[in-house]
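Multiple structures follow.
Next come two complexes, and both contain chain A; in the first it sits with chain B, in the second with chain C.
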Partner chain A sequence: MLIIRTAFKNIIGAGRATRLNIAVLSFVLVIMTAYNGMLDGWIAESRRDTIDWDAGWSQLWHPNYDKYDIFTLPDAHGKIPIQIDNALQAGMATPVLVIQASVYPQGRMLNIQLKGIDPEQQILKIPSLSLHSAGGETPVVIGKRMAATTNLKKGDRVMLRWRDRNGVFDAREVQVAAIFETTVGSADAGQMWIALDDLYAMTDMQGEATYIVMQRESPVSADTGGWHFKDNDFLQTDNRILEQSSRAESVIIFTILLTLALLAVYDTQTLSIFRRQKEIGTYVALGMTPRGVTTLFTIEGTTYSLFAAFFGAIWGAPLLYWFTKTGLPMPEAYGDIGMAVGDAMYPVYKLTTVATTLLVVIFFSALVSYLPARKIAQQNMVLALKGKIN
Partner chain B sequence: MGLVLGGLLLPLTAQDGNQILRKIDRNMSADSRIIESTMIVHGKRNDRTITSKSHTMGTGKAFTEYLSPARERGTKMLKLEKEMWVYSPATDRTIMISGHMLRQSVMGSDLSYEDMMDDRRYEDIYDARVTGSEQVDGRTCHLLSLTAKVDDAAYPSQKMWVDSERLIPLRAELYAKSGQMLKQITAGDVKQVEGRWFPMHMTYKDVLKEGKGTEWIINTISFNQSIPANVFSKASLRK
Partner chain C sequence: MKSENIIRIEGLTKDYPVGEGFFRALAKIDLTFREGEFAGLVGPSGSGKTTLLNIIGLLDTPTSGSATVLGKEVSALTAKQSAFLRNRHIGFIFQSYNLLPVYTVYENVEFTLLLQKKNREERHRAVMEALDWVGLTEKKDSRPSQLSGGESQRVAIARAMVKRPAIVLADEPSANLDAENSHHILQTMQQLNAELKTTFLFATHDEKVMQYLQRIISLRDGKIEKDTNS
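This part shows the complex of A and B:
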């Protein structure tokens, strides 16, 4: 207790060096909390939006379908397995049929994926209710990215060309019934959504699907009728890979910032031991063991990080709270490259992430405080009393 | 009386149409062909000219090597029945063209890879009916209405203007199942080559797209030459 009280008095007495160390360490703590919060917020949002807009909770894939291999698409359709009839009727699953097609906006040709979906489905947030035909038109819905690429607006008509199940060309004008906004590029870019029954009539693929999207409550949890079950973990693969890569970036940034801050602590400690040789000798002369002196200096260094946490909370908490309200505006280009990013990124501060950051800062502060202090225990204390520590 | 006469005439015109198709196939197809050609792709801002040399054997095998421009020189395409590969010297890689890539245009032209793949004989795919007679470029043409007789014809119907004397299509319109016109092909500069008439200049136009289409000019053509079998092998792509 005496050591802790002495350490506390010493660092208060150190004045400018203490303020500098605390400022630098608190800066690192707040910045890393903000950065990790941003990362956690983005990951949580992209996972949620992927479920809501694109993947559902789980899926059943036609045996020939591979989302990551577009070459599989022409053969990736078949009759929906009867084993999931109950889930379909209960609204816990909805089929999606995907074919390749081309659209001709303003005389340009664009290859797209045409996705047929039940207008009444409520699993994905695609505004499928707009796909109910009216007045002889064939309605389609597209995302904001696709609308930007094709320069189409709600109500516009565009020529669509596709091939039926035998490879026969067909073409007709379709009308954009709605334009939705989603952070999930894989539900938007290069895609058009159309009523499943319309697509059946257009392709002669009645009762077929490419994959089935299912809710969390769906009883299907394994391969069914020869179709492959894909769980949420698999469907979040893209997000997980992005998360891993972003976590690695976070560790690199944290390491750089922390190293710079700890250099200041290390420097202060080294200088302090050099300047306070007589004080160290006096401690020993008064009965403190060399190990006790090492502990005192280590506690002094570690206390910087505790003060940094305290002051960081004072100036950082309002800032971080304000950040949760305003978010960090994101350029549209991020969404265009397929990342599930909204207009702004809102941080989520997880207790585990904040606690881990704090513990890492405290641990390394203690370590860099101990490293220069440990040689005190190896010194001749008589020489130390004379101010001659090497 | 009119109905009876019409009923008698209709099979006759259909028969005539199919005979004309057979003659067109005889003119246009051969056991083998070697063609040196120039393709002019009319773009929005500028035109691109690409020359190539092709060897074809029947309807199943084709090998094309691009000779110019420098950017495309050495690019080779091999078609074996339903499969197609493209070799790019820039990357020294051979890729198989399948799936959505078949719908991509060849060298930015109005022709897709799948257009190039489907070169079955007309008479194998369509039933033709003579529906009239019209003038095209000063030549008297039979106007044929072609209807697919197989399920997998890319274009279920076509309108074709066939030179009544030389039995060469001078114009064709290709339609989708809905009746929407998709492509237009015009042919000209018909010359007699090795005893058969052949159009040396063709223009392909995707009518849904803006632009002037793609011209295909045959510089030299020879029929029924013997082509070594190893030309139609994947090994020849890297030679």
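This part shows the complex of A and C:
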């Protein structure tokens, strides 16, 4: 208790050095909380959007289908397994048929994936209701990126060419019925969505699909009818890889920031300890053990980080809260590189992340205070009393 | 602390490493101090008086020979045992006062009792008594930076005496004081020595201090040159 009381007195008495240490450490804490919050928010949003727009909760894949190998597409279609009829009827699953096709906007040719989907489905956020045929047109919907690439607008017509199940080319004009905006590139870039029945008619692949998208509540949770079950963990592989890479970046940034802050604390503590040699000698002369002196200075250093947490909360909490309301605006280019990023990134502050950040700062503050304190406590106290330790 | 010889030093030598060799600060010193003595180690700078005071104060250890303080062999004590003895039985008065700057006068005097884990009432009674001895009860809430040199040294005396130690070691206590303040603090210490039977041991080369000492041990080049009782 005496040591804690003495440490507090010394910290308060240190004045400017204390304010500097607390300011630097609280800056690191708030910046890292904001940064990790952004990262957590982006990851959560990315996972959520991937589920909502592209992957659903889980999928059943045709045995020949490989999402990452476009050459599997010509053979990756087959009759929908009858075992999931109930799930389809209940709206807990919806089939998607994927074929390769080409569009010719303004006379240019662009290879795309043409995806047939049930207009009535409610699992993915694709505006599939717009795919209902009207007036003899064949409607398609595309995402904002695809629209930008092809220079197509809502209502525009474009020539579409594809091969039917026998490999025979066919072509027709389709009309852009809607343009949707999504953060998920894999539902947008190079993709064109069409009513499943239209695609059946165009390809003669009646009752077939490439994969089945399922809701979380779907009873299917294993390979079914020879089709391969892909769980949410698998479907989030891209996000997970991005997350791991971003976490590594976060650790590097945190390390740099923390190192700079701790250098300030270390410098202050070392300077303070060597400037306070006589005081240390006096503590020992009055009956404090060298270990007590080490503890005293370690507590002083640790207390800086506790004060920093307190002051960081005072000035940082309103700022961090404001970020959750306004978000951090993101450049559009982020979406073009395949990351699921919205117009703004909204942070999510997880208790575990904040607590870990705080504990790391406290631990290292204690360490950089302990090291010089231990060094001087092991020196000859006669020299300390004379202020002659170098 | 019933031993008559409160401090016993036999064949004590202290060497300090200097470059490849060493500097001998004390050479085969033999000395004893009885309870209640008011004695001083005198001599020029480098004569070894502060070194001897530090060994008696358990802040340093001899290179060879023995120093027994309050029945304990200095070389055999652990850091914790030394700290305990200093805290309970040995008071220090330094040339530059060494008051803790962030504490008030009261808190500076109280600090050593806090280390002893005495309760609040005991501490208050002892601190106020010690401040009364040195005439500083009115300044109990002042900070060291608000005190004169003489007042600071009187706080240091109160801090050394508040635990009623067996031994008080004073290293050049008057070096930074004018004549009036020097006489004032020496009279205070002399009075405490008479009242409490505390052993006072000074390291000094100040004539003003010497005139108060009952016993003067002259040191030169680490050896005892003369040991006289007045």
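Observations
By definition in this document, the second predicted complex is superposed on the first by the 389 of 390 C-alpha atoms of A that agree within 3 Å, B and C clash if a C-alpha of one lies under 4 Å from a C-alpha of the other, contacts with A are read in each partner's own complex, and residues count from 1 in each chain.
By definition in this document, contacts are C-beta pairs under 8 Å (C-beta built on N, C-alpha and C of every residue); 3 or more make two chains touch, one makes a residue touch a chain.
Owing to the predicted nature of the structure, the values given are computational and were not obtained by experimental measurement.
After alignment on the shared chain A, the placement of chain B and chain C results in a side-by-side fit free of clashes. Once chain A of one complex is fitted onto chain A of the other, the partner contacts of A:260 are absent, as it touches neither chain B nor chain C. In the superposition on chain A, A:2 makes contact with chain C only, while chain B stays out of contact range.
With both structures placed on the common chain, the touch criterion links A:167 to chain B but leaves chain C unconnected. Contacts of A:248 after superposition on the shared chain: neither chain B nor chain C is touched. Using the contact criterion defined above for the overlaid structures, shared-chain residue A:100 touches chain B, although it does not reach chain C. In the superposition on chain A, A:159 makes contact with chain B only, not with chain C. Our summary of the superposed model lists a minimum C-alpha distance of 68 Å between chain B and chain C. Within chain A, not a single residue is touched by chain B in the first complex and by chain C in the second.
Put simply, chain A touches chain C in their complex at residues 2, 9-10, 12-13, 278-279, 281-282, 284-292, 380-382, 385.
By the touch criterion stated above, chain C contacts chain A in their complex at residues 54, 57, 59-60, 79-80, 83-84, 86-88, 92, 94, 96, 98, 100-103, 111-112, 114-116, 159.
Contact residues of chain B toward chain A in the complex are 98-101, 103-105, 148, 151-156, 176-178, 180, 182, 206, 208-211. If you check the complex, the residues on chain A that touch chain B are 70-74, 100, 102, 104, 106-109, 111, 159, 161, 163-164, 166-172.
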